[in-house]
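In the two complexes below, chain A is the common chain; its partner is chain B in one and chain C in the other.
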Partner chain A sequence: MSRINKSIPFWRREQFTPFLLLMPAILILLLVVLLPLLFSLYTSFTGYRLIRPDSLYNWVGFRNYERIFTNANFWYAFGRTVLFLTIALNLEFLFGLGIALLINKITWGQRTLRTIMMFPMMFSPILVGYQFKFIFNDNIGILNNALQALGLSDGAIPWLVDKQLAMFSIIFAEVWMSTSIFAILLLAGLFAMPRDPLEAAKVDGCNPWQVFRHITLPFLMPFAFIAMTIRSLDVARAYDIVDVMTGGGPAGRTELLWTLIARVGYDNSRMGQANAMAYVSILLSIAFTYYFFRKLIAARRYMGGAD
Partner chain B sequence: MDTKLKKRIGKIVSWLLTFLLMLVICIPGLWVVLTGFRPNREVLAKPAIWIPEELTLNNFAQIFGFGAEQIAIPVPAYFTNSLIIALTSTAIALLVGMSGGYAFARFRFKYKDTLFLGLMLSRTVPGIALSLPVFMIWSRIGLIDTKPGLIIVYVALNVPFTIWLIDGFFRQIPKEMSEAAQVDGCTRWQAFWKIEFPLAKSGIASAGIFAFLTSWNEYALASQLTRSTDSKTLPVGLMDFTAQFTIDWAGMSAMAVIIIIPALILTFIVQKHLISGLTFGGVKG
Partner chain C sequence: MAEIKLENVVKNYGKLEVVHGINLDIAHNEFVVLVGPSGCGKSTTLRMIAGLEEITDGEISIGPQVVNELPPRKRNISMVFQNYALYPHMSVRENLGFGLKIAKQSDAMVEERVGEAAEILGLQELLDRTPAELSGGQRQRVAMGRAIVRHPEAFLFDEPLSNLDAKLRVQMRTEIKKLHQKVKTTVVYVTHDQVEAMTLADRIVVMKDGWIEQVGTPMEVFNHPVNTFVASFIGSPPMNLIPATVEGAEIVFADTTRLPVPARLESHISDGQKVILGLRPDDLTPEGHGIIESGQKASMQLTVDLAELLGTETILYTQINGQEVLGKMFDPREVEPGESMSFNISLDKVHLFDAETQKSVRLG
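Moving on, here comes the complex of A and B:
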């Protein structure tokens, strides 16, 4: 056996095949993601500014991190981002669950409804942002026009200028765009659900709420966590929406971590500091994804145990 | 009698809710599409004109460069850039994803789970955070504002998800089929192309559509890595409108329509496979 193995080169051997097949994927991710990230890790310890290329070799230790961790604006943006994600993800889950249950009940035209439901998911975030920038526009937006025509308000409500309303508008756009991922996956979960436990529970005298709470919901949770995992992979899409709708304004009131990174890095050309912030945002994303991925695995195990 | 009435009310309520839901989903998009066909003065009119008095193709003619008025935004160039970049990166991502997905679906090997997790984690890096180092490196090696520069980035962006989807589709095909073909004298390579590939074809196509849409819609990276008509894509070009002194809502909406249409058509084609791909890879994987 070992003699045969020696006669053929190692890349022709059977156990090497999967690595050979994965080589292109690994190479491209190494080149475009891992190496740049190592480079940006290095940069985050320098005082690199775009306008002065030689500052790339200006090692400053942890000063960038110290500076951002003592910067109130950074913490506001960080807190706002976490708040934004918490509100948006919870609303998306709740609405998605409601929509899935609703559409599951309807028998006529269900396929069409499902297809329509998928459209927001395929919209470019930049388009969603533009669309709501247009709708929420205080002067010519359809929302204010409608409110005025119905006599519900006489002035122009500054949806994107007032600080609270601007945050609301952005969350609205985000929820509009991403609820369908939850709805679709939860609907798929409802379709896959076995009928027997439901019948058994009804025979045993459970009321609809108990059936939902103890049978339907636990069965749906893995699907919800798939949706959460997929969502947490690209939470930073919100950057596009905010960039179009408010650009982080008014006066930084809708500044999220991601828009702050762009401002510090490109507009102020402080690459070192921006990279330090970028690392915080990467860790945040990984933390979100990891959390939901663990939940997904736990929920799957629970379901396997129930079977 | 009582329960019958209750059921009927429940049905009416659920229809009303569904109707409301569809309104919320459809109206924003439809309003933008409608605005794309309206003259600007009607869009800006106060009090609002609800029922369009005049529909026109003028906005489209303008942004594509024919028509009486010219606008300064080179939409045709952006459109070709978007198309070239999205198609090329999709094709490459599919090839890379097919070979990677096949490896995950058919082989047992060391570090398999770690590798899979690593691939997925690479996707979590926020676009804007990744854009900083890529911007620095690309500008040193001259890939800034070129199509290849963006294509490479998009391939990397799409590969993890493509592998995930294609892995799921290959797993649905019983291993025995290709083994039987190999017993009958096919090589593994032939068995792949003659048995497994045709069976997984529609799934692979939907992974491709998904990759295409990701590239077509991407903004955060493109907005930093592109500068001029050499490589600017449609989503970045859309922002050109906001840089002008007054926003040309009608023109911007017309451009939005151009971005939406491929997305709508492709979504319609892909919807069934996407759902099965996502849930299969996630739950049973």
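Moving on, here comes the complex of A and C:
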């Protein structure tokens, strides 16, 4: 065996074949993903500015990182992103769960409703942003108009200008657009749910709430965590809706990580510093993904093969 | 511990009526088996007792209380499901104690009852496992344990053994029987397997197409089936049913083969009546190979088409009146296909059914 192996060049040996076949894919990934990643990592250690290409070679060590870590605006944006993500995901989970439970009860017209439910996902986030910018506009917005017509408010509520209301409006738009992702995944979970344990629980003395709390919900949690994982990546990179609706304003009160990064990188052309922030932001995303994945695995541990 | 009473219970699914007003009294501590082919309404009946299906009409009571409107949780019954229906995210211990926890019993009480059930069913070693880590038989035991811990008024079993392999099924069947002797509670047990029904039941309820065909002890149902359906459903291999006509003191088949009318049935039939003769394979035995050699007998020369050797007995396939008929040979010897043998028919055991109503002539 060893003699034969020695006589054949290594790239023609059988155990090497998979690597040979995967080589094109590996090369492309290295070229289009790893290389830019390494390049941007490198620039985060330089004073690279877009308008001065030679600054690419201006090695500054950890100074970019020191600067952003001591920068209050960065930490505000960081905290705001975490808050935004937490509120949006929890609301989407609650609404999605409610919608899924209701649709699951419907027998007639369920397919149609399922399709309608997914409409918000079909629009570009930019357009959703514009739509809500119009709805929430304090002068010509349909919301203020409606509130006034109904006599619920007599002044123009500054939805996008007040710092708290602006955050609320953005979260509202985000939730409107993406609740259906939770709804569809949780509905899939409900469809996959075996009926027997539910009936066993009813006989075991559970009222409807207890059945939901002790049987349905634990079964749905893996599906919820899958949705959370997907959505946490989505929301952590939120840029489009925010930029369209408030542009990070008023006075930076709705500035999230990526709107800040884009501003620093493109408007101020401090690409080195922007890349340093981007790396911190990616670590945040990885942390969330890791967290939800751990939750997912824990929730799924007992679910295998007990039917 | 309580009796269960069904009065004119009807179940409709939309316009389709699947249970047509059945009446059944189940006594305190009685083991009743509902048996019938699939679609006969036995599971629906059980689920109506459990409260998992609403009843369309009639009345169900458990103990003194009418439970028509009560949700399952207020009926104080427990149920064992075909697919075990264990809670996948809970350990065996939590599965067993779940009902008690929901009922807000003290931890000490839960601990005690779970321990008690685990001991009865031999689950002590498995308490910390999850259902996914158990074999089919173990899951079935946990499902039964979950039913025991609550000390319910009645146990309901919905085809609990049909997911187990043949050997385990026999073993669990004995365990269920022992369990009933230990915990003495009213049991309603649904199965499509007549062997389970015969071995477990105090009383068997044979159902078909949403009607109850016969209620009786296993011996009654086996020895005195009220109609051809019960006759062919209970017993394995099934009873042979051969159409014939009564002519005087003889039963005549279409091919003019004749048998004397059994003495005990003479008064129940009239001359010229079209009947169906029911003959269990056990009562059609080759000369010298029967169980009971006494009593009124007739003999017939028949050709054996096929012999199935089972060890202690051999099933013989032969023909009467051009129809396949099964006989049994006890203490068997080798039989060649095509061999002609003299068969004894135990006329004392023969059943006669009216051809028109399919009912036993004894009831007519």
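The definition used in the following text is that the second predicted complex is superposed on the first by the 273 of 307 C-alpha atoms of A that agree within 3 Å, B and C clash if a C-alpha of one lies under 4 Å from a C-alpha of the other, contacts with A are read in each partner's own complex, and residues count from 1 in each chain.
Definition applied: contacts are C-beta pairs under 8 Å (C-beta built on N, C-alpha and C of every residue); 3 or more make two chains touch, one makes a residue touch a chain.
All values reported here derive from a predicted model rather than from experimental measurement.
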- Message: For the combined arrangement obtained by superposing on chain A, do chain B and chain C clash, or do they fit?
- Response: fit
- First (chain B), second (chain C), both or neither: which does A:Ser40 touch? first
- Note on the structure: The chain contacting more residues of chain A, comparing chain B with chain C, is B
- Task: With the two complexes superposed on chain A, say which partner A:Asp267 touches: chain B (first), chain C (second), both, or neither.
- Result: neither
- Task: May I ask you to decide whether A:Ile215 touches chain B, chain C, both, or neither, giving the answer as first, second, both or neither?
- Result: second
- Message: Contact-wise, after the overlay, does A:Asp54 reach chain B, chain C, both or neither (first, second, both, neither)?
- Response: neither
- Task: Could you read off the angle at the CA centre of chain A, spanning the centres of chain B and chain C, to the nearest 10°?
- Result: 90
- Query: Is A:Ala201 touching the first partner chain B, the second partner chain C, both, or neither of them?
  - Reply: second
- Task: Identify the partner contact of A:Tyr239: answer first if only chain B is touched, second if only chain C is, both if each is, neither if none is.
- Result: first
- Minimum C-alpha distance between chain B and chain C after superposition, to be given in whole Å. 8
- Overlap of the chain B and chain C footprints on chain A, listed as residue numbers: none
- The residues of chain C that touch chain A in their complex are 50-52, 71-73, 77-79, 81-90, 98-99, 102-103, 130-132, 139, 146, 150, 156
- Item | Parts of chain A lying in touch with chain C, wherever the complex brings them together | 194, 196-197, 199-207, 210, 214-215, 218-219, 299, 301-307
- Going by the contact rule at the top, pick out the chain B residues touching chain A in the complex. 14-15, 17-18, 21-22, 24-26, 28-29, 31-32, 35, 43-44, 46-48, 50, 95-97, 99-100, 102-104, 107, 109, 112, 115, 119-130, 132-134, 136-137, 152-153, 155-156, 159-160, 163, 213, 216-220, 223-224, 235, 238-239, 242, 249, 252-253, 256, 259-260, 263-264, 266-268, 271, 274-276, 278-279, 282-283
- As the complex stands, chain A meets chain B at residues 15, 17-19, 21-22, 24-26, 28-29, 31-37, 39-40, 43, 48, 99, 102-103, 105-106, 113-127, 130-132, 134-135, 139-140, 142, 145, 148-149, 176, 180, 184-185, 188-189, 192, 222-223, 226, 229-230, 232-237, 239-240, 243-244, 258, 261-262, 265-266, 271, 274-275, 278-279, 281-282, 285-286, 288-289, 293, 296, 300
